[in-house]
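Look for chain A in each of the two complexes below; its partner is chain B in the first and chain C in the second.
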Partner chain A sequence: MTRTSPTDQEPDEQPVVETAPKRRRLDEDAAGLGRTRASAFVAPALVLIGIFLVFPALWTLYLGVTNWQLTGLAAAEPEFVGLDNYIDALTNDRFLDSVFRTLVFVLGSALIGQMVLGFTIAWLMRTAGKTLRGIVETLVLMGWILPASVIAWLWLVLLDRREGTLNSLLGTGETAWLLEYPMQSIIAFNIFNGTAFAMLLFSSALASIPPSQLETARMSGAGTWATLRDVVFPNIRGHILTVMLLVTLWTFNVFTPFLLTQGGPGQETEIFPVLIYRMALETGQLGRGAAFSLIMIVINLAIALIYLRVLRERRQK
Partner chain B sequence: MKTRSMRSRAGGFAVGLSTAALVLAACGSDDDSDAPADGEEVTEATLTIAENAIRGGKNAEVAEWVEDWVIPEFEEMKAEDGVDVTVEFDGSGADDEDYKTSLALDLQTGEGADVIGGFDGIWTGEFAQADYIQPLNEIYSGADDWEGWDQVPEAVQQNMSFEGDRYGIPVGTDGRVIYYNTELFAEAGLPEDWQPTSWEEILDAARQLQELDGVTPIQINAGTPMGEATTMQGFLPLLAGTGAEIYDEDASLWMGASPEMQQVLDFYNTIYVEEELGDPLLQQEAAGRDNSFLMFSEHELGMLIEGDYLWRSVITPDSDIAPMEDRDEVVGWAKIPAVEPGAGVGGQDFVSMSGGGGQVLNPNTDYPELAWELLSFMNSKEALLERYGDDPRITSRADVNEELDLDEMIRYITDEVLPITFYRPGLEEYPEVSIALQESTEAVVTGTSPADAAEQYQSSLEGIVGDENIAN
Partner chain C sequence: MTTTHETTPMKHRDAVGIVRTTLAKIGRYVFIGFVIVFFALPVLWLVTAPFDQAPALRLSVPEFTLQNFQVLIDNPYALRSMWNSVIIAVGTMAIVLVLAALAAYALSRVRVPGRDILLYSLLLLSSIVTGTAAMVPIFVLITELQLIDTYLAVVLVMAGGLLPAAIFILKDFMDNTPKSYEESARVYGASPLQILRHVVVPIARPGLATIAVWGVVQVWGNFLIPFILLRSPEQFPGAVVMFTFYTEGGQPNLALISAFSLLFSIPVVLLYLFVSRRYGFRFYGGIKS
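Entry: the complex of A and B
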C-alpha cells in the first residue's frame, strides 16, 4: 500500500496485470498469509481508526448541521438546520477574526519563533562544549516535556500583574502582560513550549551535512552567512520543510494558550481551537462548535496533504 | 484484481465500523448489573454527592460538612436500618460556569453523582428542558411528602422549580449590598456610617477615595471572565436602580438597548474609562473576581458590590480565599441606591438582586429512594443547624432560620435587603442573555462607547430570543 501516487502506479501496474498476474500476486502477498489471515491482522488497526477517527469525523459532520446545544430544549431535541452553521461561520466576524489571529499565532510562534530559535540553538550548540550543550539542550527540552498545565502555571506566575517575576526583573511596575500584550504573551509562551522539537530535528539535520563540505567552505574563507546559504541550507532543505509543516500543524491545533488567557481579554487571544471550545462548551452551542471543528479538520487535512506530498517528493529524489 | 482488493478493503472497513458500533453500543448501555430491580430490597449501595466545594479552596465549609458530618451520619443511620451504604464525595473548586458545563456533560452521558449540589437555581429551566434533570416526585414518588416543604417559603422553592414542578431542594437565598472599607473611608474623610441615596453619591465617595495612595476606589463587576457575577452583582442591580427589568413578565418581552441600559453602561463608562475610579484591567483578568476579593481583604479596595457570600465565605478570618482578620471591625455595608431616590423599579429608593442554588437528584441514579433519603437528610433541620450553626446564612427553612444565631450582616440582609430585592427570570434563554450583558459591560470597560455596546447587545439579543420577543 505504499504506492498511492498515480504517477508511479500507472506505468508499471498495467503491464503487470495483463502479462504476469501470477507473479504480481506473489508480490502482493509477500508474507504468504492469504487474504483472510492478512485481514485479521489489519482488522484491529482498522477498528481503532474506525472508532477514533472515522466515526467521530462522521459524527461531527452530522452534528454540524444541527442546532444541538449543551442545555435547553435544543439539547433534548436538536433540529436539522442545514448549512446554517457553516454560512454563519463564514459571515461571522468572530470566526474570521479568529482565523486571522490563528495565522498570526502560527506565523509568530511556529514559523518565526520555534524554527528560527530552534535552528539558532542547534547551530550554536554544534560547536559548543559538551557541558554547555548538555545544559542548554536540557533546559530547552524541559519546556517541551513538562506538562502544559505546569508550564502554564509558571508563566502565569512570571507574567502576573501584582507580584510577577517579569515585572520585578524589568522593574515594569504593575504591567499586566497578559492583558496589555496578550498575543505576544501567548506567542512567547508557545515558543518556549515547542522550540525543543525544532532544535532536536535541526541538530540531527546539521549532523548529517558532510563535514568535508563545511571544511571546504571554511578553507575558502566563507563567512557564517555564506556557509549557511551555500552549504547548510541546501543540504537540509528537506528537514526544514518537515519541521515547518509539522510545527505548523501542531501550532494550528494547540489549545494550551487557553490556560494562560482563556481566550481573553475580550477575544484577543481566541485562536481557532479556543474559539471552538468557548463556542461549544462555554456558550453550549455544540452544533456550531461541530461545524467549526469540521472546518478545522479540513484545514488540517490540507496542511497534512501538503506535508505528505512534500515528503514523497523528497523520497523520490 | 484491482476490484477484488478494493472490495476486501471495503469489507475490512465495514468490519471495522461495525465493531466500532458494537464497542460504542457496549459503552452506551449503562445498565450496571448491581442496580436493583424494581421492588427489590437494597442492602448495599454506593452513592455520590457532588458539590462545587473543596477542602482548602472554594466553599471549604461545605466540603468539610459533607465529608465530616453528612457522610458518617448518613452511613451510620442507614447501617442501623441494615443497609450498607457507602457515600462518596465528588468535590470541585471550579468557576461556576465550568462547573455547570461539567454537570451538563455528566448528565448528558447518563453519568454524574446521585445528589448534585452547587446547582444555581437559574440553571433549572435549561437543564429541565434538556431532560437532564427531572421533577423530584418523578424520580422518587414520595418526594412531595417531605416534612421540610412546609418550612420552605413558596418564593424560595421557586428558585429550584420550573413550570410548577420542584426539581431540587433550595439551599437558601441571598442578597446584594455595597461593601465598603470603613478604615479607608475614614482616611478619605468619609463617614464610617455611610448610606448613599443616589449613584452620584457613590461616585462622590469614589472620587474622594481616589485621593488615597494605592487604593482602587470601587469595584463593580464587569466583563465575561467574572461570568454570572458580572450580571448579578453588576449589571442587574444597577438596571433595577434605573427602574427597568431585564424581562417584563407581563408582556413576556426582553429589554433591548433601552435608555435605561444606556444609563447603566454610562455609569460603567464613568467609573472605568472617564474617571478611572475602578480598575478596567481587573475586569478582564481570568482570575479577576478572586483578585478583587484579595484586594478588598488587603485594604486596597474601597467599595464593592457583592452578595452575602462575600461576608460569610470569602473574607471570613479563616477563609482560604481572602482571609480578613479584621473583617468585623473594618467592613461596612450599605444598600444599593437607585439612580436617584424613587427611580428604582416600582418607585423604590434602594434595590438588590437575589438568587440561590440548591441540590438536585440525578435522574440516572441507581438508587432513587436512597438518593432522595440522602438529599432530604442533607436538608433536614438537624443537618442544616450543624452546617450553619457557626456560619450563619439565610437558609431555605424557616424553622432553621429561627434557631440560627444570625450575625449582624445576615440579619441586615433578612431585614433590610430581602424586602427590596428582585429575582432573575427563570427562563431557558436567561443564561445566554446574561452572557450578552456581560459582553456589553466588557465592551465598555475596554473602551467601546456605551452607545455602541448597547447596539451590540441589541443584535446579540435578537440572535438569542428573536426580534419578536424584544420590547422596543
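Entry: the complex of A and C
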C-alpha cells in the first residue's frame, strides 16, 4: 500500500507577506491555493464519497431494524422491528450454514489455495528460466485481469456436464461438477481468479531477501524445507501477514461464485454475499438484508483493523 | 575392512541424495506442469472457440471461421452492451480522475488539519464498504433517488467506491512532484486552476494515467453493481449481458458467448499491457473492489 510522506509544516495559515517568510510560505503552499480554495477542491469528492459510500454504510444501522420490503405494504411504510432481524439471523439455520460455508470458502480458496499456490509458484519461479517464468506468470495473471464474467463463462465451459472440457479430458463421462462438487468448484474457480496477487506480492518479497542469507543456507547444506523455515519465512513474515489479511478480505467480499452456481444447488454454495443477494434482492426482504449487510461491514472492519495494526507494527520495526 | 565400512555409508548417502534431488526435480516439474494446465486450460477455450465453426463446450482444434463474429454483430444486444460498458467505464473514470486530482492536489499542497486521518479513514472505509457488503443500502438508496435503471446510478456508485483509493494514490504521487514550477508559474501570475491544468497535470501524467487505467479496468469487469441497479437489457453493460446469451432452446449460445468474451477481454488485456510496459505493474496492491 502507499505511504504518505509526512510533510509537517506549520498549520497556521497567513496571508503571503512579500518579505522574509515568503520562501517558506511558498514551500508550504506553492500554488497559493489557500485553505478556502483547497476546501473547494476537496469538497466535490467528499460529497460523492459521503453520499454513495459513507451514507449507505451508516444507513444499514437504520434499515437493519426495519421490516423494509421490496414490494407490498412494508415497501410503502416500513415498520420498526427492533433487533428482530438480528435475532432471526442468529437463530436461523440458513444464516449459520452460510457463515460456515463462507469460512470453508475463505479458508480453502484464499488461505490455503491462493496463498500456498501463490507462494509456491513465486518460490519455484525464482530459480526458473526466463521463458518458463514468463509463461507461468502471464498465465496466472490472465486469471486475474480478465473480466470476472468472462472467467465465469470459461469455468462454466470447463465444468459443463455434457461436453465440458474437464469431462472429455478426464473421461469422467457426464459428471456434473457444479452439482456434485459445488463448493470445490467455486473454490477452484476463486483460486484461479485470485492467485496472481499472492504470487506477485510473494515474488517481490522473495526478491527482497538478502541473497547472502540464502547462499549461506545453501552452503551449509540446508534442504528446501530448512531454508524456507529458517531463512525465508522469518524474512517475509510481514508480507505473509499482509497477503493473508488482504486476500481474506477480498475473498470474503467476492460475489463472482454466484455466476457459476447462483448459490445452488439448493443452498450449498450460498456464501455470505450470495445469501445477502438472495435474501434482499431476490426475495425482497430488504430490512433483513440490511442487517446482514451491517454484519458483513463489521467483519470487514475487524479484518481491516487487524491489517492496519500489522502495518503499523511493521513500520515501527 | 575399515575402509569398506567407511565408504559404504558414504556411497549409500550419495545414492539417496541423487534419488532425492531427482525426485525433487521431477516433483517440481510435475507441479509446474500442473500449474500451467490449471491456468491455461480455461483460457484456451477463449482463444479457440471464437474461431470455431461449431464452438462446443469442450476444447477442440477450430475449423477456422469468423462466422461467430457475424453472429455477434447481428445480435441486437451484444455490440450495444459493449458501448454501454464504454459509457459507464469512461464516465466513472472521468469523474474519478477529475475529482480525485482536484482533491489530491489540494491535500498535497495545503495542510488541512486532520488531513492524514481523513485520508486513512477514507481508504479504510472504501475497503470495508465494498459493493458486496453494501449492496442492500445502495440498492435502497438508488431506488429512493429514483435512479434505478440509469447509467448515472452505476457511475455514481462506482465513482464513490473508487474515489478514496484514487485520492490516496494521487496524493502520494503529487507529494513527490517538485513544487518549483508551480512557484514560478505563480510568480508570473497564474491562477491556481491554471497552475493545476498547465503545470501540475503534465507533471503528474503517469499517476493520472495509472488511475485512469485502473478505474476503467475496475468498472469494465464489475458485474454486481450494474446487475442490481439496471433493469432493462438494452442498458446492460457487457459484464451483465453475457449471462443473457441463451438460444430459444435454453442452451447457451456458444458462438455468441465465445466471440463476445474475446472481444470483451481485449481492451482489458491491452490496457494491462500498456500500463505494465509503460509504468510497471504497480497498482496491483490495495484495491480490487
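Just so it is clear, the second predicted complex is superposed on the first by the 269 of 317 C-alpha atoms of A that agree within 3 Å, B and C clash if a C-alpha of one lies under 4 Å from a C-alpha of the other, contacts with A are read in each partner's own complex, and residues count from 1 in each chain.
One rule holds for everything that comes next: a residue touches a chain if its C-beta (ideal position, glycine included) is under 8 Å from a C-beta of that chain, and two chains touch if they have at least 3 such contacts.
Here the structure is a predicted model, which is why all the values come from computation and not from measurement.
**Student:** A:71 in the overlay: touching chain B, chain C, both, or neither? Say first, second, both or neither.
**Tutor:** first
**Student:** Looking at the overlay, does A:219 come into contact with chain B only (first), chain C only (second), both, or neither?
**Tutor:** A:219 contacts neither chain B nor chain C.
**Student:** For A:266, select first, second, both or neither according to whether it touches chain B, chain C, the two together, or no partner.
**Tutor:** first
**Student:** Touch test for A:283: chain B only (first), chain C only (second), both, or neither?
**Tutor:** first
**Student:** Touching A:140 in the superposition: chain B (first), chain C (second), both, neither?
**Tutor:** second
**Student:** Have a look at where A:179 lands relative to chain B and chain C in the superposition and call it first, second, both or neither.
**Tutor:** first
**Student:** Is A:54 contacted by the first partner chain B, the second partner chain C, both or neither?
**Tutor:** both
**Student:** With both structures superposed, pick whichever of chain B and chain C touches the larger number of chain A residues.
**Tutor:** C
**Student:** One more residue to check, A:42. First (chain B), second (chain C), both or neither?
**Tutor:** Both partners.
**Student:** Enumerate the residues of chain A that count as touching chain B in its complex and touching chain C in the other.
**Tutor:** Chain A residues touching both partners: 28, 35, 39, 42, 46, 49, 51, 54-55, 162, 281.
**Student:** Applying the document's contact rule, which stretches of chain B touch chain A when the two form their complex?
**Tutor:** Listed in rising order, the residues are 1-2, 5, 8, 11-13, 15-17, 19-20, 23-24, 97, 101, 104-105, 108, 123, 125-127, 129-132, 223-225, 281, 284-286, 291, 428, 431-432, 435, 442-443, 446.
**Student:** Over in the complex, which chain A residues touch chain C? Could you list them?
**Tutor:** 1-7, 9, 11, 26-35, 37-39, 41-42, 44-46, 48-49, 51-57, 59-60, 63, 68, 117, 120-121, 124, 128, 132, 135-136, 139-143, 145-151, 153-158, 160, 162-169, 192, 196-197, 200-201, 224, 249-250, 253-256, 259, 273, 276-277, 280-281, 286, 289-290, 292-293, 296-297, 300-301, 304, 308
**Student:** Hey, which residues of chain C end up touching chain A in the complex?
**Tutor:** Counting only chain C, the residues touching chain A are 24, 28, 31-32, 35-36, 38-43, 45-46, 49, 56-59, 95, 99-100, 102-103, 105-113, 116, 119, 122, 124-141, 156-157, 159-161, 163-164, 167-169, 171-172, 175-176, 179-180, 182-183, 185-186, 192, 195-196, 200, 217, 220-224, 228, 238-240, 242-243, 252, 254, 257, 261, 264-265, 268-269, 272, 281, 284-286, 288.
**Student:** In their complex, what parts of chain A are in touch with chain B?
**Tutor:** On the chain A side, the touching residues are 17, 21, 24-25, 28, 35, 39, 42-43, 46-47, 49-51, 54-55, 69-73, 75-76, 161-162, 176, 178-180, 261-262, 264-266, 281-284.
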